[in-house]
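Next up: some structures, all given as structure tokens.
Heads up, the next two complexes both have subunit A, just with different partners, subunit B and then subunit C.
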Partner chain A sequence: MLQDQSHIDSTSQPMETSAAGLVDRLTTSLPKIYRSYTVRVFLQAIITIWAVMSLTFVLVRLMPGNPVDVLIEQILTAEGISYQEAYDRVAASFNIDKDATELDQYFQWMGDLLRLDLGTSITSPGTKVIDEIARFLPWTVFAVGTGLLISFVLGIIAGMPMAYYRGSKLDHILSFFSSFSTGVPNYIWGLLIIIVPGIAWRWFDIGALRGTYDVGLTPGLNAAFILSALEHAALPVFTYVIAILGTWMLSMKSSTTGVLNEDYVNVAEARGLKERTVIRSYVGRNAALPLFTQLTISIGFVLSSGVVVEEIFVYWGIGHLLFQSITVRDYTSLQGVVLLLTAAIVFSNLFADLTYGLLDPRVRVSGEK
Partner chain B sequence: MASSQMLEWLVSLPLDLLRGLVGFLRRLSANKPGFVGFLGLVAYFIVTFIMPNYVEFDNEPKLDQITGPIGSRIQLAVHRDNPHLDSWEALAGKTVGVVRQTGGPSFIEPYQDQFTVETYRWTSRRQGPGIPAALTDLANKEIDALLIFSKTVNQVIVNQEDEELQALFQDNIIISNPSLGPPHLLGTDTQGRDIASHMVHGGQILILTALIGGVIATLIALFFGSLSALAGGFIDKFFTALANLFLAIPQFILLVVLAGMIRFDSTLYLGVIIGLLIWPALLRAIRAQVLSLRERDFVEAARSLGLSVNHIIFREILPNMSSYVLINLIFSITIAMYFQIGLVVLGLAPISDYTWGVMIYFGRSRGTLYNQDGATMALAPVLAIALFQVCLVLFARAIEEIFDPRLRSAG
Partner chain C sequence: MFRRILLVSALLCALGMLTFAPLQADDGHSHTLSVAWPYQVPPTGHFNTFASGGIALGQYMDLHEPPLAVLMWATGQYQGMVAEEFGWDDDGNYVIKVVDGYSWSDGSPISADDVMATFNIFRLRGDAVWANMTGIEKVDDHTVKFHMSAPSSLAERIILTTNLRPASVFGDIADRAAMMSPDDDGWNGLLQELTEFRPESPVSGGPYTILPDTITEASLMLELNPGGFAGDIQNYDMVQMWNGETEVVTPLVANAELHYITHGIPPTTEEDFANRGIDIVRSGMNNGPGLYVNHDVYPLNLVEVRQAIAHAVDRVQNGFVSLGESGVAVEYMTGMSDGLSEAWLSDDTLDMLNTYDYNPDGAAALLESVGFSRNDDGHWVDDNGDTLSFELTFPQEYADWSAAAENATAQLNDFGFDITARGVQFQQHPQDIYSSNFEMAIRNWGLGDPIPGRSYLQAYNRYNGQGEAAGEGGGAGMNFDNNISFSGGDINVFDVSNASSQGTDSMAQAELVTHLAVSYNELLPAIPLWERYTNNALNRNFINVPDSSDSVYANFGGGADNWMTTLILTGVTAPADM
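On to the complex of A and B.
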């Protein structure tokens, strides 16, 4: 990998040669650049995102009904004006160039994307897609991210004793729990939490916990808002923790089991090190290492895994934006959301790939991969 | 493969399978959670595939039984002077009142010849006597007995606001005979229909859809995954790249977009779509498994013995992968379940078949989820789905432990 990086360095040096020489140097160095692992995974990531974006572009336009028709229909039945009049009015109120063909729209959109511009919403003109995303995204990142981190820590804590006392009652109970945790879909956990403690036992008022914070509070750094936001996020976060915990427990268990068989653990014990030191510094650290890669990868899925849970709890995150734009066929918003969700997955995979070797020196990333 | 070999194999196959099954069940019974999961799956099969033949789907709206709590049932109200009227036999020759649209009329239909039936409307807002009138008649001994829904008893007798009427009812009427009329085990829904019957009928399509999705995904992954691992080269690169591309798309989101695009005629088509979506992760797992098996000693041995490629694939590699494939199949079924019910709960999938998912959808959209009495309409399917998934996972884990543990490290 180090050797590969030297190739990139050599190409980034200033080259004061003639155009012909430049082309010559490029033709010899491009294959070398391509052979570099880092460059290659980056290229693959970009191509993947482009392919998914194009697919999304086509798919959303294949959905039956389009935003213009939906509104024209409404105006026609409500006001009884001519079709042309209704069409003109809708076209004016929507942010749509009615003469642009789909191919034009595609290149327009791709061009904007290169300038990191997601465009403006079709159905509510003047609203930038990026602003819409900025409005809903933080809530999703906050809730699912918190859930993911809490479950990760709890999973590591619970997974180690499972490996240490394999076959014991504790192991069986925790394994049984992990089957529940992994098997039951997260939104089913959410519904259970609403129905049993919420409705049947009246522990909390579900109706008051809708939304991301109490109406009437101004978002900002004030105690009332922060408390309210935490209160509203509590149930979704709890749902995510329960639903993800089992996976981390099992991963940590199998990882710890593997480490316990390693010679260096035996050696550490033979040297008479304190049991605590062995557990923490020798077993725990090495066992948790591969889990960090898993954590990096799952960060990418964070955004898309909670969409149903958000609907169940009426917690307005990115899922709400997604379903809203599907309902009114707001193509640009929908494309923006899918781009965001895809990019999150692709880049977290990329990040995991690249940091794999850094975190765990035993793993050498080869160009073969 | 020579024909004699083939014949031998065909004859020994059922025996081998039977022996394997017996051995498997014996080892499974030693694994407690796995055995529980297995029994659970058998129970699910009985409830969702066999019981629908014997339990009728309750599709008749009954206006006074709406969102009845667990155990609601039709009861027999009689006058305090006639406590002996507690069975169909005792009622012979008497006048029995029933209330329309409560399920009562169809309930007493078989016994109609034995006594005189007086029919009342369930509400007196329009013309004709309603339930209070029926109870007044009963208190005045104009009829001898009245079939009435237990929730109505609470509403009309216990919580009666008119003090005069309440005194009249409480002094003269006793509610007897819980033995008459089957209870609604799980209560009734927003239309007064029996939830238990919906539970029995609502699982079959859901499970079939998940099964279709899982099987399709597994078949695609098995075929192209092994092909990719065994052929290598361009084919391998192509399928790996394709799988990676699909893995980068948030699959549930793609399914949501597809669901908006395609009008499903039947829920089962949903299974096909899900199957076509979830194969990539499976393909990578199976490809890795075949790659590792290819390097194993016994395959090396078979190769050096000069055995044919067919022999190596079908007799050496595939049999050693069957448990691994089965585990992956079970896990894809749970994923298919997650996807389809998620869609239905959001209201994005067809709701023409009244499945557990549709029950949850209506439970949410009609608000019974937030009503203590009616919560079973959503709680029952939620628990059924949760336990089904848990049984699948427990069973898959047991298989994982029972079969060759070497297979685990390779995946």
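On to the complex of A and C.
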């Protein structure tokens, strides 16, 4: 027995030592890990998302009406049956749990989220929210993302000459255009495009451009589908470009104007470098750098910026899903979309924060930040 | 730099050319009917029309899941569709015989099994039709008997206007439901199975079938189903169903890409359509906005005050400013539409009704008769010396009801009331009424239904005493006592409303309806303002249907009995060039 005991003791000693070492290592390394800027901001991002989602959970339930009331009102207006009869039918149609409290629903939802399960739609029982998002998300990313990139590139290209020739006619014209295009909301541009060239001038069939691609095509890497997708995206993309181009132009003009006054630009010109080289390598690159942060942050807002435009052009993306979920008070779908939008914004900010130092050698993010 | 400009310019030009090139040239198919209804695309939208989220195309679902019969409102007679024979038997049960020789798009014949499946699923869902039914029996392959607790014209209507579903799709769940009762353990599980059931493809028993591959957010196509009901008498090969609400489909109508809509359109749009040669078809919808009052708020509980309000508001003006020619002032003020009043009330009764014509002097006399007077500011004060000052709420998102509220407020204030109009979010507004949290409000009177008793349930049931059911802490709605005394005696108007749709003796029903109409006319528990008429946009350059004098247009444009789907099912609707 003693031998056995000693054997046990002799073998457990290293285990205890090992466990104690692990604890020691953790206690010394955890603060270091936490002091890491990257880890800290990542944790803050997670907490931010959780806080937004919890707030969203409460707020959507504070909105007037709920999915049951919406359908009950429709039935009462159409059929004139009693409220209780309408309620029972809607409850059966939705298959809702009448006894679940808000707290039950919250913990159920949070538990599902930890398993990366966004749940099922309330108004379309059995349909997974993740499937709804997968159906609509790509089209928003494609259309708004394309619009954002085109407007960014055009804005940089047009903004530089505005700064170079500031005070000139070119500057006045482009500045007016920039202010005008920025001042008019994207949905107004969308309506104008539908009404003027579409209805008044009849340049195109409005109905033929609706949807994300033509009927009968199989989505995939084939020319017919790609061309059709481009064709259907053209009007929304054009709307996004025209609506945000001015912002990039004015930002680039402002940034370039600042760079033009820098010593290194004067030195480069004094050294007799070609104007094209100065513009491209000294002015352009440095002026565009601050816009990079703006671009990465804008990417986060990509998903939420097309709600009304998507409705106007019947180009359904995540904005439509958000709009529809709010309209019929589909809490689970709405929470899923808000989670997506929140995560996109938080992580794009995080990305901008972490990568800016890599792009600009003058700025280095240190652990002491 | 130049190269970049060139590349971006090329991309933009390519996008522009794609956009502005002549797009989707007409394929020359002249036999496509172009109509519209909002729907959701998959995966949210699906082919289980028993469950929430199903792609149910409003009245156009008649083309896919045909009704058993259609009521011709002008005559009050049912016209058989899938049911070729129907009626009450000697035992008070309802018997229908399904037409022979038609099949669903999956090849299975249309038969009594489909009726059994449809109504057994209704039982699983707890639909109102089973309130009068005790059972359902398949007599033979084409005959079904509905065992009733008592004959009821309401039950008959619900049965006959039901859209038939295929037993080949829903039969399994329906059969299991038929073997169970709501108290069984598996009942809720079966209900969940039903709501989550997703048929792989739509199966049509009507003249057209949905093509799943054509479903986009823009539109979907329905293809001729030659073996389906009425499929052999159609004048179109395809139906294109555009997707969207009014603001989405309006440009398509203006562009002549869409030829008929049932969407309510604002008067300005109506005028634009008319200028483009588009016809506006108007049919009475048996309902509209009314002025509801909280009968717990003094002196709105006085009948003289409500009658004075009725006289002080020019309903013709109110209707026109709210909805143009489709806002038609209510004449008889019976709580049901003028059309139903004329159909159900005798000429003598109609003659004795008070039509509450616009008459400010008469209104003033009514108020003075109960001791009210005007103060120095010209405002009316009651017998306690209090100004007649009230808040009038309305659902702010409803443009026509908002206009009705603003106009009624202006007219009443001109008369000497002190009314403040306040818009409320449209989903919150009915909850406020259920919970009695209002003084005056704009809500709907009447119902889009030909059975008159049901019109009264809006005032006497929905907005009166539903607060507890609606989770509003026992609020009693407009607090109207349904036990009333009028020139015809003492009645409970809620009971009489329900009783008037029971039985099959139309004379007895008419007597009860007369009680309801006369008592409503005398007491005005809520004050109807105007009846909403449809303003369907119909482009006759593309669609050939009878002219506006035809009696079929009495079948108003929403829900069951729709005139357009009736004309399609009977093979009348045709392309304009045919």
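Please note the rule applied: the second predicted complex is superposed on the first by the 296 of 369 C-alpha atoms of A that agree within 3 Å, B and C clash if a C-alpha of one lies under 4 Å from a C-alpha of the other, contacts with A are read in each partner's own complex, and residues count from 1 in each chain.
One rule holds in what follows: a contact is a pair of C-beta atoms (placed from the backbone, for glycine too) under 8 Å apart; a residue touches a chain by one contact, two chains touch by 3 or more.
Because the structure is predicted, anything quoted here is derived from the model rather than measured.
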Exercise. Determine, under the contact definition given at the top, whether A:Leu289 touches first (subunit B), second (subunit C), both, or neither.
Key: neither
Practice problem: Quick one: classify A:Val52 as touching subunit B (first), subunit C (second), both or neither. | Solution: first
Quiz item: Is A:Val307 touching the first partner subunit B, the second partner subunit C, both, or neither of them?
Solution: first
Quiz item: Of the two partner chains, subunit B (first) and subunit C (second), which one does A:Phe176 touch, if any: first, second, both, or neither?
Solution: first
Quiz item: Between subunit B (first) and subunit C (second), which, if any, makes contact with A:Ile206: first, second, both or neither?
Solution: both
Quiz item: After superposition on the shared chain, which partner residues are touched by A:Ile326: those of subunit B (first), subunit C (second), both, or neither?
Solution: first
Quiz item: First (subunit B), second (subunit C), both or neither: which does A:Pro64 touch?
Solution: both
Quiz prompt | Touched partner set for A:Pro185, first subunit B, second subunit C, both or neither | solution = first
Quiz item: Is A:Ile226 in contact with subunit B, with subunit C, with both, or with neither (first, second, both, neither)?
Solution: neither
Exercise. Please identify the positions on subunit A that touch both subunit B and subunit C, taking each partner from its own complex.
Key: 63-64, 194-195, 199, 206-207, 311
Self-check item: Residue ranges of subunit B in contact with subunit A within the complex
Solution: 32-33, 37, 244-245, 247-250, 252-254, 256-258, 260-261, 263, 334, 337-338, 341-342, 345-346, 360, 364, 369-372, 375, 378-379, 382-383, 385-386, 389-390, 392-394, 397
Quiz prompt | Sites on subunit C touched by subunit A in the complex | solution = 1, 4-5, 8, 11-12, 14-16, 18-24, 40-46, 50-53, 124-128, 131, 191-192, 195-198, 213-214, 216-219, 221, 242-244, 248, 251-252, 254-255, 257-258, 287, 425, 427-428, 430-431, 434, 444, 447-449, 454-455, 457-458, 461-462, 466, 469-470, 559
Practice problem: Report the residues of subunit A in contact with subunit C in the complex, numbered from low to high. | Solution: 63-65, 69-71, 73, 76-85, 87-90, 92-95, 121, 123-128, 131-132, 135, 150, 153-154, 157, 194-195, 197-199, 202-216, 227, 230-231, 233-235, 237-238, 241, 276, 279-280, 311, 314-316, 320, 324, 329
Exercise. Flag every residue of subunit A that touches subunit B in the complex, lowest number first.
Key: 44, 48-49, 51-52, 55-56, 59-60, 62-64, 172, 175-176, 179-180, 182-185, 187-188, 191-192, 194-196, 199-200, 206-207, 301, 303-305, 307-308, 311-312, 322-323, 326, 334, 337-338, 341-342, 345-346, 349
